[in-house]
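Below you'll find a set of structures to go through.
Same chain, two partners: chain A is paired with chain B first, then with chain C.
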Partner chain A sequence: MNWVFLWLRALGFSATVPGIPLIALACISLFVILPSCALIAYLDRKLSADLQARVGPCRTGYRGMLQPVADCVKLLQKNSMHSQTLGELLWMLLHTMALYASLAAIPLGSLAMMVDTQMSVFIPFWSALVLALGTMLLGLGQYTTPGWLGGIRTAAQSLAGTFPSLIGILCVGMHAGSFRWSALAASQGFLHWTMFAHPFLLLAFVVFVGGGLVLLAIAPLDGGLAMSDIHGGVAVHVTGRQLALFQFGRFYGFFIWSVMTVVLFMGAWRIPESLRSWFLALDAEVCISVVELTWLLLKTYVLMLFILWIARANPRARVDQITDFSWGVLGPLALVALVGTAFWTMV
Partner chain B sequence: MSRKDWSIGPLHTSLPGPMHMVLKLHGEIIDACQVETGFLHRGLEKQCELHSWHAALFYADHLDPEGAVFSELVLCLAVEEIAGIMVPERAQSIRLVLVELGRISSHLAFMARMARSVGSETIVHYVLRDRERILDLFELLTGARVSLNFLRYGGVKGDVTDGFIERVLDVCDLIRFRMKEYNDIFTFNAIFLKRTLGVAPLSVELIEQAGITGPNARASGVREDSRKGSPLYQALEFDIPSGKSEDFFAQGWRGLLARTSKGCVGDVHDRFLVRLREMTQSIEILRQLVAQMPLGVYQNTSIHIDRNYPIPPGESYQRMESARGRLGCHVVSDGQNFPGRIQFSTPTRASLWALPQLVRGIRIEDLPVVLASLDLSIAEADR
Partner chain C sequence: MMYFRRSVFIALFWYLHSIVKSSLSIAGSCFATLPYLLRIGESRKEVTDGYPDPISSKTADDLPPRSRGLLFNDIERCTGCGDCEHVCPAGCIEVASEPGAHDSRIWVSVFDVDFSRCVFCGLCVDICQPMSLVHTRQYEGAAYQLEDLVASFGRGQVTEEQREKWHLARQRLSAPQEGA
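Entry: the complex of A and B
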C-alpha cells in the first residue's frame, strides 16, 4: 500500500487517513480502469470507422470524443426490460466479485501495487474465469433458446481457452522463477521482454493471447454473443444498466488480460534504469509510478488495438471451430512451449 | 444433449425477410426445419389485374425491390409478344445495360448480406459503398435509385443522359478493381473459407427436384442460363461461370489453397464464388453493350400507350435470367385495357422449397450463412 501513502503525502494529506484500501480501489477504478474503457471504446469505434470507409462518432464533443460517456449515460438512465431473475442476481454477484477481487491484485507498476503474493498471477486469471462463469449463468438463466445456446457456447469456449493459457502462465513462471508480479517484472528489462527470451516463450506468448481470446470470447472468437444467428446470445435480454455492467465487465476482462500479457511477456512496467535512478535521485517516486503506469498502459492499449484490428478484418469464427482450434492447436503448442521452456531453463 | 424446438421469425436477424422457421435442434445441430412464408404477400398479381396495362408495370417493379428491372423487363417482353410491339434496337440496349447493372447491384447486396451473416462488418461497408456507385448510375438514367419504373412497352422512358456511358465504363473499371480487394480480404480469408467450404452443398438431384435455377444451380455445376439462346443476348459474348468445378489453377495459389481444403462442389463458398464470377461477366457484357450502343429512337414511336390502351387477346410466357435465377412471367390478355391475368414464377420459391433438406444437419451458426448464400428474396417469393 506504499503508493497510496506516497500520493497522499505528495498531495499534502497526512498518511493516517482511514479506509486506505478503499481509497486505493476507488482510485484504480476511477483513474485507470474507467478512462481506459472509455479510451479503448472510442478508439475502437473511430479506428474501425476509418478501416471501414465511414466516419464514426462525430457529434458528441470534439470528433465524437465524448461518445463513450454519452453511451454510458444513456444506458444508465434505462431500466431493465423485465424483472430480474435469480440467475441474473447470481450473475451480478459473480460479476462484481470478479471485478473487485482482481482490482486489488492488478499490477500497475512497481510502486502501485496492493497485493503481491506468490500466486499473484492467478488472481486476475481466476477473475477471468469467474467472468466467463457469470456470462454462462446469465445465458442459462434466461430461459430463452438464444440465451441458452450463448451460455453453452461461452462455457465450451472458456473451458477450451483455460488450458492453453494456464500453461502459458506456467512457462513464464518457470522462466522467472516465481509468480509474484515484482519477480516477473524483475526478470525483464525496458526492452528485454520475456517473449523474446527464447522461441518457446514467444510460442507461449502466442498461446497465452490466443487462449485468452477464446476464454474471454473476444471478437472474432465471440460465438456466444453472435449477432447473426442467435441475435446477441447471452446479451439478448440484457438491457439498460445491466447492459452497461455487462459490457463493462467484458471490457474489464479484455483489459486485465492485456495487462497480464504485458506484465508477463512484454516487459511489464520496466522503464530504463537510468531514468529510474534519475527520478530516485530527485526523490520523485510519484513520477516513477506515473511513468511506469503510462508505459504499461501504452503497451496494453497497443496490444488491445491490435487485437481489435484483427477482429475488424476477419469474419466471426464458428464455436466448434474455435474450441477445436483451442484444444487441437493451442493446447499441444502450449505443451511444446512448456517442455521447451523447461529444457531451456535447465540448460 | 436434449432435443429442443426453436421457432424463429417472422422477424429475425438471420432471416432474409419475413418468414417463419421452426427448427428441431439436437444440441446445436439442426435436425429438421419447417419453413413458412407468406408474411410479405401484397397481392401484386391481383393488383395488376385491377388496373390498366400501363399500371401493371409499376406493380411489377415492386416484385423484387432489389432487382426491379428484371420483373419490368420480363413483363414488357410478354406483353410485347402478345401485342406484337416492336422495340427499337437502342431501347433493347438501354434495357440490357440496366439489367446487367441491376445484376451487379443485386450481387453486391448479396455479398453484403453474406458478409453480415458471418459477422464481417468491414466488408459490408466496403461492398455497400461500391453498390452506391451503381445506384448513382440508376439515378442518373432513371431518376430513381431502387424502384426504377423506367421500362415501357415498346421501349424505355427516356434516352441515356449525357455522360452516362462514360460513367458506366468508370463503374465497370471500379468494380473490377474492387473485386481484387474483396478477394484479398474476404473471399479467400481463412476463417471465411472454414465457415463456408463444405457447408450445405446443393446436390444436382435436389436442384432438379426443386427446380432451382440461376447462380444457386450453376454453383453446383448445372450450367444453365436463360440468357444463352435468348435473342436479346445474341450479339454478346459471355461465359456462364460456375463454382469450384471450374479451373482452380487460373487463380494461382489462392485457388490451390481453396481446392486442397475440404470443400465440395455446390457448397456455400461456391455459391459465393459463382456470383463474384457473374459480376465479372456482367462487366464484360456492359462493356460490349456500351461500345456498340446503336443510334436511333428509344421508344417505338408508332404507338402511344396510355391507360386506355387495349392489348389484343392472347397469351404469352416469357422468361429471363434475373440475378437470383430464372424469372418467368405468364400474361393473359382478354383484349381489354387491363390484364386478364399476370403471373410471375420466381426463382426464390424453388430455393425455399429446397431449404428444409438443405439445412438438415448443419449447425445453427451456419443457418444465417446458408440462408444468405441462397440469396433469397422474400418479397419476390411472397409477391
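Entry: the complex of A and C
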C-alpha cells in the first residue's frame, strides 16, 4: 500500500489520512480500470471497423473518441425492462464481489501492490471463475431459451478453460519458484521474458492465453454469448444499467487476464535497471511507479489488441468447437508444457 | 506393425497436422485484413456510407438508387390479388378485399403492413403486378408504441349504405341502356 503514501507525500498531504485502502481501490478503478475499459472499447470498435472496411464510430468527438462515454451514459439512463428475479440478484452480488475482491491483488508495479501473498496469482484467477459462475447463474436465472442455453454454454466453457490455464500457471510457478507477484517479476527482466526462456514456456503462454479466452468467453471464443445462434445468450435480456455492469465485468475479466499474462509471461512491470536506479538516485519513487505502470499497461493493451485482431479477422467458433479445442488441444499441450518445464527446470 | 503405425503415429501426425493447419488458417485471415487496416491499394476504401442526416450533410436523395425504404401502396392501382401477402417471408402484410362499385372492380378494404416485422427484402414490390406497392425514400420509422408501426393503406370496410348507393347507381346506369 506504500504507493498511496508516496502519492500523498508527493501531493503534500500527511500520510495519516484515514481509509487509505479504500482510496487506493478507488484510485485503481477510477484511474486505471475505467480509462482502460474506455480506451480498449474505442480501439476495438475503430480498429475492427478499419479491418472490415467500415467507418466505425465517427459522431462523438474527434473520430468518435467519446463513443464509450456516450454508450455508458446511454446505458445508465435506461431502466431495466423486467423486474429482477432471484437468480439475477444473486448474479449481481457475485458479479460485484468478483469485481472488487481481486482489485486489491492486481499487480500494477513493484510499488503499486497492496496484497502480495504466496498465492497471489490465484486471486485474480479465482475472480475470473466467480465471473464465469455469475454469468452462468444469470443465464440460468432468466428462464428464457437463449439465456438458459447461454448459461449452460458458459458453464461448459469455463470448465473446459480452467484446466489448461491452471496448468499454464503451474508451469510459470515451477519456472519462477513461487506464485508471488514480486518473485514472478524478479525472475524476469526488461526484455528477458519468461515466455522466451524456453520453448515449453512459450507453449505454456499460448495455452494460458487460449484457456483464458475460453474460460472468460472472450471474443473469438465466446460461444456462451454468441449473437448468431442464440441471440447473445446470457446478455439477451440484460438491459440498461445491468448491461453496463455486465459489459464492464466482462471487460474487467479480459483486462485482468491480460495483466496476469503480462506479469506471468511478458516481463511483468520490469523497466531497465539503469533507469530504475537513476530514478532512485533522484529520490523519485513516484516516477518509478508511473513508468512501471505505463510499461505494464502498454504491454497489456498490445496483447488485448492482438487478441481482438484475431477475433475480428476470424469467424466466431462454434461452442462445441470451443470446448473441443480446449479439452482436445489446449489440455494435452498444457500437459506437454508442464512436463517439459519440469525437465527443463531439473536439468 | 502396419496396424501399429496407422494407429498411433499417423494419428498423432494428423492431430499435429490439423493444429498447424488451423493455426496457419487463422494467421492467414489475420494478415488478409492488414491491407485494410493500413489502407493499402485502391479497393481498400470504406464500403459503407454515412447515415443521411444533417451531421453527415446527406439527404434522402443521396441514398443509393436501389435502397429500400418504408413501403407505400397506391391503393387506387392495387388489385387486392394478395400475391404480396403470400410471398412475404415475414408474414407482415394483411390484405382483404371485397366486391367494389362494379362487379369488375375490387375494393381493397384492408391493406396493413406491419413494419415491426418487415425485413425490407423487397419481394412484395417485385411481385406486385400493377406496380402499386413501392419502396419510398423514407427510412426513419421509429415509434413509441408497437401498434404505431402498422401502416394501413386499405380503404376500410364498405358500409351497407354505401353498398345500397352503389346498387342504385348501377341500376340507374343500366336502365336507360335497356330502354334504348
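Please note the rule applied: the second predicted complex is superposed on the first by the 347 of 347 C-alpha atoms of A that agree within 3 Å, B and C clash if a C-alpha of one lies under 4 Å from a C-alpha of the other, contacts with A are read in each partner's own complex, and residues count from 1 in each chain.
In this text, a residue touches a chain if its C-beta (ideal position, glycine included) is under 8 Å from a C-beta of that chain, and two chains touch if they have at least 3 such contacts.
Computed from a prediction, not measured in an experiment: that's the story for all the values here.
S.K.: Using the superposition on chain A, tell me whether chain B and chain C clash or fit.
M.R.: Once chain A is superposed (C-alpha atoms), there is a clash between chain B and chain C.
S.K.: First (chain B), second (chain C), both or neither: which does A:314 touch?
M.R.: Touch partners of A:314: chain B and chain C.
S.K.: Where does A:52 make contact in the superposed view: on chain B (first), on chain C (second), on both, or on neither?
M.R.: Both partners.
S.K.: So in the superposed three-chain picture, is A:329 touching just chain B, just chain C, both, or none of them (first/second/both/neither)?
M.R.: Touch status of A:329: second partner only.
S.K.: Would you check which partner chain A:116 touches, where first means chain B only, second means chain C only, and both and neither mean what they say?
M.R.: After superposition on chain A, A:116 lies in contact with neither partner.
S.K.: If you stack the two complexes on chain A, which partner ends up touching A:149: first (chain B), second (chain C), both, or neither?
M.R.: Touch partner of A:149: chain B, not chain C.
S.K.: Kindly classify A:273 by the partners it touches after superposition: chain B alone (first), chain C alone (second), both, or neither?
M.R.: In the superposed model, A:273 contacts neither chain B nor chain C.
S.K.: Comparing chain B against chain C, which has contacts with more of the residues in chain A?
M.R.: B
S.K.: Is A:223 touching the first partner chain B, the second partner chain C, both, or neither of them?
M.R.: First partner only.
S.K.: Any idea which of 56-64, 110-118 or 128-136 of chain C is the one running into chain B?
M.R.: None of the options clash except 128-136.
S.K.: Identify the overlap between the chain B-contacting and the chain C-contacting residues of chain A.
M.R.: Of chain A, residues 51-54, 312-314 contact chain B in one complex and chain C in the other.
S.K.: Under the definition above, what is the set of chain B residues touching chain A in their complex?
M.R.: Residues 4, 6, 12-14, 25, 28, 115-122, 125-126, 129, 185-186, 189, 191-192, 194-195, 363-369.
S.K.: Considering the complex alone, what residue numbers of chain A touch chain C?
M.R.: My answer: residues 47, 50-55, 58-59, 309-310, 312-314, 329.
S.K.: Applying the document's contact rule, which stretches of chain C touch chain A when the two form their complex?
M.R.: 19, 26, 29-30, 32-33, 36-37, 39, 44-48, 50, 55
S.K.: Spell out the residues on chain A that touch chain B in their complex, using ranges where they run on.
M.R.: That would be residues 48, 51-54, 145, 149, 152, 219-220, 223, 226-231, 312-321 of chain A.
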